[in-house]
Amino acid sequence: MKFLQVNQVTKRFGGLVANDKISFEMSGGEILGIVGPNGAGKTTLFNCISGFYRVNSGGIHFEGRDITNAPPYAVCARGVARTFQIVQNFEKMTLVENIMVGAFLKWRRKGKAEEEALEVLRFIDLLDKRNVVARHLSPPEKRRLGLGMALSTQPKLLMLDETMAGLTPVEIDEVLDLVRKIRATGVGVIVIEHVMRAVMTISERIIVLDSGKKIAEGSPDEIAHNEGVIRAYLGRSYAGG
Amino acid sequence: MLPNFRERNRLIFFAVVLFAVVYPFVFTRAFHQHIMIMVFMYGLLAIAWDIMGGYTNLFSFGQSVFFGIGAYTSTILFLRWGISPWLGMAAGGCLSGLLGVLVSYPTSRLRGHYFAIATLAFLFVVQTVLENWKFVGGAQGLTLPLLQQSSLWQFQFRESKLPYYYIMLALLASGLLITRGVINSRVGYYLRALREAPEVAQSLGVNTARYRLIAIGLSAFLSALSGTFYAQYVLYIDPPSVISLGLSVEVVLISVFGGSGTLYGPLLGTAILIPLTNLIRAWLGGAGKGIAYMVFAGIIILICVLQPEGIIRLFKGPRKASRGYR
Amino acid sequence: MRSRWKSVLVGGLIGLVSVVSFVSPGWSQEKVIKIGAHLPLSGGTAPTGALNREGIDLAVDIINNRHPELTLPLAQSEGLPNLGGAKIKIVYADDRGDPNVAMAEVERLIQEEKVVAIVGGWESSCIKTGSQVAEKFKTPHVSGAGSSVDLTKRGLSYYFRLLAHSGKVNKAYFDFLGDMEKKLGKKYGNVAIAYENTEYGSVFNEQYEREVKERGYKSVASVPFYKAATSVTSEVQKLKAANPDAFFQIGYDPDAILFTKTMRTFNFTPTVWFGMAGYTSPKYIPSVGNDGNGILISGWFHPRFKKPVTMKVGELYAKRYGKEMSIPVALNFMTPIVIAEAINRAGSTDKEAIRNALEKTRLTEDQSIMPGPGIWFSPVQNPPAHSHDNEGATMLVIQIIDKKFEVVWPEKYKTAELIWPHPKWSEK
Amino acid sequence: METAILILQLIVDGLLVGLPYALIAIGLTLIWGVMDIINFAHGEFLVVGMYVGYWTYALLGVSPVLSLPVAILLLGALGWVTYRYAIARVLKSENLLSQIVVTFGVSVFLQNLFLFLFSGDYRSISQEPWIKGDLMIQGIFLSIPELVISMISLLIILLMHLFIRRTNTGKAIVATALDRETAQLMGIDTDRMNSLTFTIGIGCLGVAGVLLPITTHVSPYSGFLFGVLAFTIVALGGFGSIIGTMFAGIMVGLVQSFGGFLVAPAYKYLCVFILYLLILGIRPRGLFGW
C-alpha cells in the first residue's frame, strides 16, 4: 500500500476554491517539494492533510489508513507531524519543556520524555539553551525549535511549511543539512518553500500548484523547464519566448 | 545562583507546614482558629479554581456551583438516607466533576470572556433551580441536626474546632499534592501547552478538548470537597450562602491576587486576604458601613495595577532562566 | 527600584495582619454585664438593622436608669438591683444579613467578648445560624424578630423567640378574613400569594398553604419572585390573570414598592390586599403615597395601639430619635429587657442560671409593649412542636388609611374605622 | 380576542424592558469589542448614574431628566479616569486574569462606596413631576415612565449607531476593534480610541441610569443584575455590534416577559440564561457579531 495517497482533495472557502481536485502520492522516505506562487493553495493543502481544515471532497490515506478530516491530534498520532508558516512555540515554557510536549505522545513518563527531548535538542543543536524560555530565542532558533517540536513526536512523515523563509544563505544550508539528516533516518518529508534554490536542491520530486490546481509534477529539472510552471511564476509574456 | 534558590523555597515550605500544624495550640481562641479554617477552605477552592483559570485559561465564575454541589450532595445523602458525610463528600466530588465536565463540554471550546459569561449564566441557572426545588429544601435550605456527641463518622464535632481544623488542613494538603502531581505530570505540560497555543498543542498530538475537561473535572472535584466540609462545619446551607456569585468572585480574587498559574500563588493570596477581611470585619464591621470591603477592593485594584502577575511573582526572585539571546 | 518598593508594600501588609490579630479589644472591668447583639449593620437590610439598634439602645437605657412612669420590668431601678445595680452593656456585631457571617460573629461575641447572652438578628436565616452557634456554646439567645417557624422547631434549649411565628401571622389574616366573611355574609374563596423566594418568604408560604387547605379556600396563584427584582411585570400579569379575591404579598420594602407601582399600572385591584414586612418599613408610604391606602398588614406592633406602657415608650423614643416608633424598632426592644429580668431573677450571670430563669419567665400584659397577654415560653419539645416559643404573642391587623398605619382588628385595640373593600386605583 | 391582547401586552412588556437593557449593554459592547476587556464594573457605573438621578430628585425636587447632562459628563469622566489609571496599565500586562480582576475590584469598591455614602437603603423616585401616570390603549396597559425610558433608549442607540457608522472617530473605533495592529498602521492612536470608547461607553450609562430610579429602585447592589444581563446581551448580540446588541436586548426583554408569564415569574431570568447557553452552543460568535 502507498506511504501517502492524496486524491481529488478539494477545499472551498465560500466561493473561493483554494484546492481544486489535487491528487498526488508519496512512497516512503522521499523528500517532496511543493511550490507555487502566493495564494496557490500550498498551506491550505498542508492544513487539509494535517486535519486543521475539513476537506470538502476527496480523500487522504496515510499508510493505507484513511485520515481524511481526522482531528489534528489524531493525524499526529498516526505519525504525520508539521511545522507552522508563522512559527509558534510555547513562549513561557523552556526549550526542553517545549520539546517534551511532543515527546509525551510516545513516552508517558516524565523522565523518559525529558530524556528524549534532550536528544532532539542535541539533534537540532539547541541543547545548550535547554533551560532558556522560548520567548528569548532568535527567529532562526525559534524556527529550529519548531522543527524540533514536530520531530519529538517521532513522525514517519514530516511536513515543513516555509522553514527557510527569511534565513541567510548560511542558515539555509544548515536547515538543508538538518532535513537531509532527518531524511536519512527514514522519515518522509514534504517541503513547502519559496526559496527556489533550497527546494530545488533538497527535493527529489516537486509538485507545482497554481490557483488551487496541480499544474505539474516531476523531478526538479523537468519542473525548471516546464512551460506551464514558468507561465504561472513569471506571468504570460515570459512564457512566450 | 540557581541551587540556593531551590533551597530557599524548600525552607519556606517546611516553615509554613510547621506553622500550620502548630497554629491551633498557639492561638487557642476559637475566632483565630475559625479564620485559619477559612484560610484552608478558601485555599483549596483557590487552588481548584487555579487549575482551570491559571493553568488552562478557562476563567470561570462557576466555582461556587461545584462548592454548592459538594455541600448539597453530602447533606442530602446524610439527611435522606443517613449516609456518612465522608461517603457523601466522595459522591459529591464525583457528581460535581461529572456535572462540570458535562456542562463545560459545549462551552469549553469558547475562548476567554465567552466562557466566563457562560459560567456566570450557569451559576445563575443552578441557583434558581435550587431555590425552587422542594426536594433539596428550596429557598429554606437544609439544616443538619445537631448531634448530641461528636463523631468522626458523622463528621460533626461539638466541643472544639481542632478536628475541623486538621480535617480541613488534610483536605488542603491532599488537594495541593494532587495538583502538584498533575502539574508536574504529562497532563500538566499538556495543560500549559494548550493554554498558550492550542493549535500548536493539537499538532503535537494533544487532544485539547479532553485535557480541558480533565482540568475542569479535577477543579470541580476539589471544590466539592470544600463544599461538604462547609456544610458539616456550619450545619445549615441555603442557596444564597452556598451557591453565590460573591463566593465565586472571592475565590477568583484570592487566586489572582496571590498569582494564578502557579502552585503556591493561590495559597499566598488566601493567607493574606482571608484573615484581612475577617479582621477588618471584626474590627470595623460592627461600627463601619462595609468599609471592610472597600479596603479589600482598594487593595485588589492596587495589586492588579502594580503587580499584574500577582504577589507570588515578588517571591519568585530573578527569572529562572538566563537570557540566552541578546 | 520598583520591585524593592513592591516588596516593602507586601511586607507592610503582612506586618499589619499579624499585629492586628493579636490586639483584642478588652475594656476595663467596672460592674457591667455584657450582652451580645448581631444585626445587619451593612448590606441590603442595613437601614432596618439600624432601627433595631435604636430599639435595643432605648431598652438598655430604660434598664440602666430610673424610669418610674413605666411598668416595664427593671424600669424603676438603676441597673439590676439583685446584682448590686450592675449595668447592661450591648456589644454589637454586623452580620451583614448573611447567615455564615452571623455564625462567625456570634461565635466571636461569645468567645472573644465573653457576653453572657445574645439578642437580635433580623433575617430568619441569620438567627438560625446565630442561635445554632449559641446552642453549641450553651449561651442563651433571645430573638425578637425572625418569624420563620423553623427557628423554634429545632428543639434547641438555649434559643428563645418573642415574636409570633409566621404560623400565627397567617392565622391572624384568616381569622380576620373569616370575621369579615361572617359580618358581610360574603365568601372570598379565591386567594393568591406573591412571596419573596428566600427562606423567609417560602416558610411563610408554607404556613399560608396550610391555612388555605384547612379553611377550604382555593389558591388560584402562587408566585415566588426574585428578591429585590428589577421588575415584577410578569408576576403582576400572572396574578391579574388569576383574578383572586384576597391577595397576599410578602417581601421587603423594595419589592413592596415595586408591586404597588406595577399593580397600579396594570389596574389590578383584589377585593382584599394583605401585605407583609416591606409595607411596615418607614420607606414604604413616602414612596407610594396614597397608592398604599387600604392595604391590610398583620403586624406584631403599632406605636399608637391603645396600651399605656406602649404609648409612653413611644413618646420616649420620639423624644430621643425624633420619629415615630416603627416595627423594626419595637421587635427587638423587649429582648434585652427579658434577659435582664431573667438575670436579675436568677441573681447571677451564669449562662445556665439565665437559661433556667428564662424558661420560667412570666411577664404580664403591662410588662411588655407588645400586643397580647404578656410573655412566657413553651417548654423544650422535640419537633414539630415549638420549643421556647412566646405563647403570649398575638397579632394586630393594621390598615394604611390616609397614608397612616391604623389598627383595625381586633376590635379591642382599634384606632380607626376599617376601609372595605380595597379602594379602586382611581379613588386613591 | 382575549389571548391576542395578552400576547400583545407581553410583547409590549418585553420591549419596554428590553430597550433599556440594550442601552445599558451598548457601552459594554463597545468596550468589549475594542479592548477585549470584561468591564465588570459596568453595573456599578450604571448605579452611579441612578444615584445622580435619584439625588437630583430627592435634594432639588426636580425631575431627574434635568440631571441628564450632569450624569453623562460625570460618568464620562469616571470612565476616562478608570481607563487612564487602572485599565491602561493592566492592558499592557496582557495578563487576562488581572484585566478581569481590576474591573472587578472597581465594582466591589464602588458598591461599598455607595453603601458607605448612601447606606443599604432601596430608594426610588415616587412622585416624578414630569414623567408619571399610566396609559391604557385598546386593553394594553403601559406605564408612561417605562415608555419614555424605552423611547430615549432607542434614540440613544440609533445615535450611537450613526456615530459609529458615519463619523471618522466612529470608524476609527471600529477599526481598532477589528484589528488593533492594522489600525495602528493606519495612523490611529489606539490608546486614544480606548480611552474614548471607555468615556463614551460609560457616559451613555448616564442616560439609562438617571431615568431608571423612576420605574425601579436603586441600592448599592442594583448593579449586579443589570450587569449580568448586559454581559449576556452583549455575548448574545456579538461583540462590538451596536444593532446586534439592540436586537439581543429586545430578545432578552421578550424572553423575560414571555418566559415569566408562560413558564413562571420566578424563572423569567432563568429563561434568559438558558436561551443564552443554548445559542452559545450553536453560534459562539453571537448572533450578529463581526
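Think of it as A, B, C and D in the order they're written, each chain with its own count starting at 1.
What we mean here is this: a residue touches a chain if its C-beta (ideal position, glycine included) is under 8 Å from a C-beta of that chain, and two chains touch if they have at least 3 such contacts.
Everything numeric in this text was worked out from a predicted model, so none of it was measured.
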Touch graph components, with subunit B removed from consideration: A | C, D
Chain located farthest away, centre of subunit D as origin (C-alpha): A
Geometric centre: closest chain by C-alpha means: B
Computed distance of Cα centres, subunit B from subunit A, in Å: 44
Separation of mean Cα positions, subunit D and subunit C [Å, integer]: 37
CA centroid of subunit A to CA centroid of subunit D, Å: 49
Distance from subunit D to subunit B - Cα centre to Cα centre, in angstrom: 32
Residues of subunit B engaged with two or more neighbouring chains: 131-132, 288-290
Residues of subunit C whose C-beta touches two or more other chains: 42-43, 46, 197, 224
Touching pairs - complete list by chain label: A-B, B-C, B-D, C-D
Residues of subunit D defined as touching subunit C within the complex: 6, 9-10, 13, 17, 115, 119-124, 126-127, 134, 136, 141-143, 215-217, 219, 221-222, 225-226, 256-257, 259-261, 264-266, 268-269
In the complex with subunit D, residue positions of subunit B that touch it: 53-54, 57, 59, 106-107, 109-110, 112-114, 116-118, 120-122, 124-125, 128-129, 131-132, 245, 249, 252-253, 256-257, 260, 288-291, 293-294, 296-298, 300-301, 304-305, 308-310
Complex contacts: residues of subunit D adjacent to subunit B: 32, 36, 38, 85-86, 89-90, 93, 95-98, 100-102, 104-109, 111-113, 115-116, 119, 220, 224, 228, 231-232, 235, 266-267, 269-270, 273-274, 276-277, 280-281, 284
Of all residues in subunit A, those that touch subunit B in their complex: 50, 52, 71-73, 76-77, 81-82, 84, 88-94, 97, 100-102, 104-105, 108, 110, 113, 129, 131-133, 136-138, 141, 149-150, 152-153
Touching residues on subunit C, where the partner in the complex is subunit B: 3, 6-7, 9-10, 13-14, 16-17, 20-21, 24, 41-43, 46, 91-94, 96, 98-101, 103-105, 107-108, 111-112, 125, 128-129, 132, 135-136, 148, 150, 154, 156, 197-199, 201-203, 224
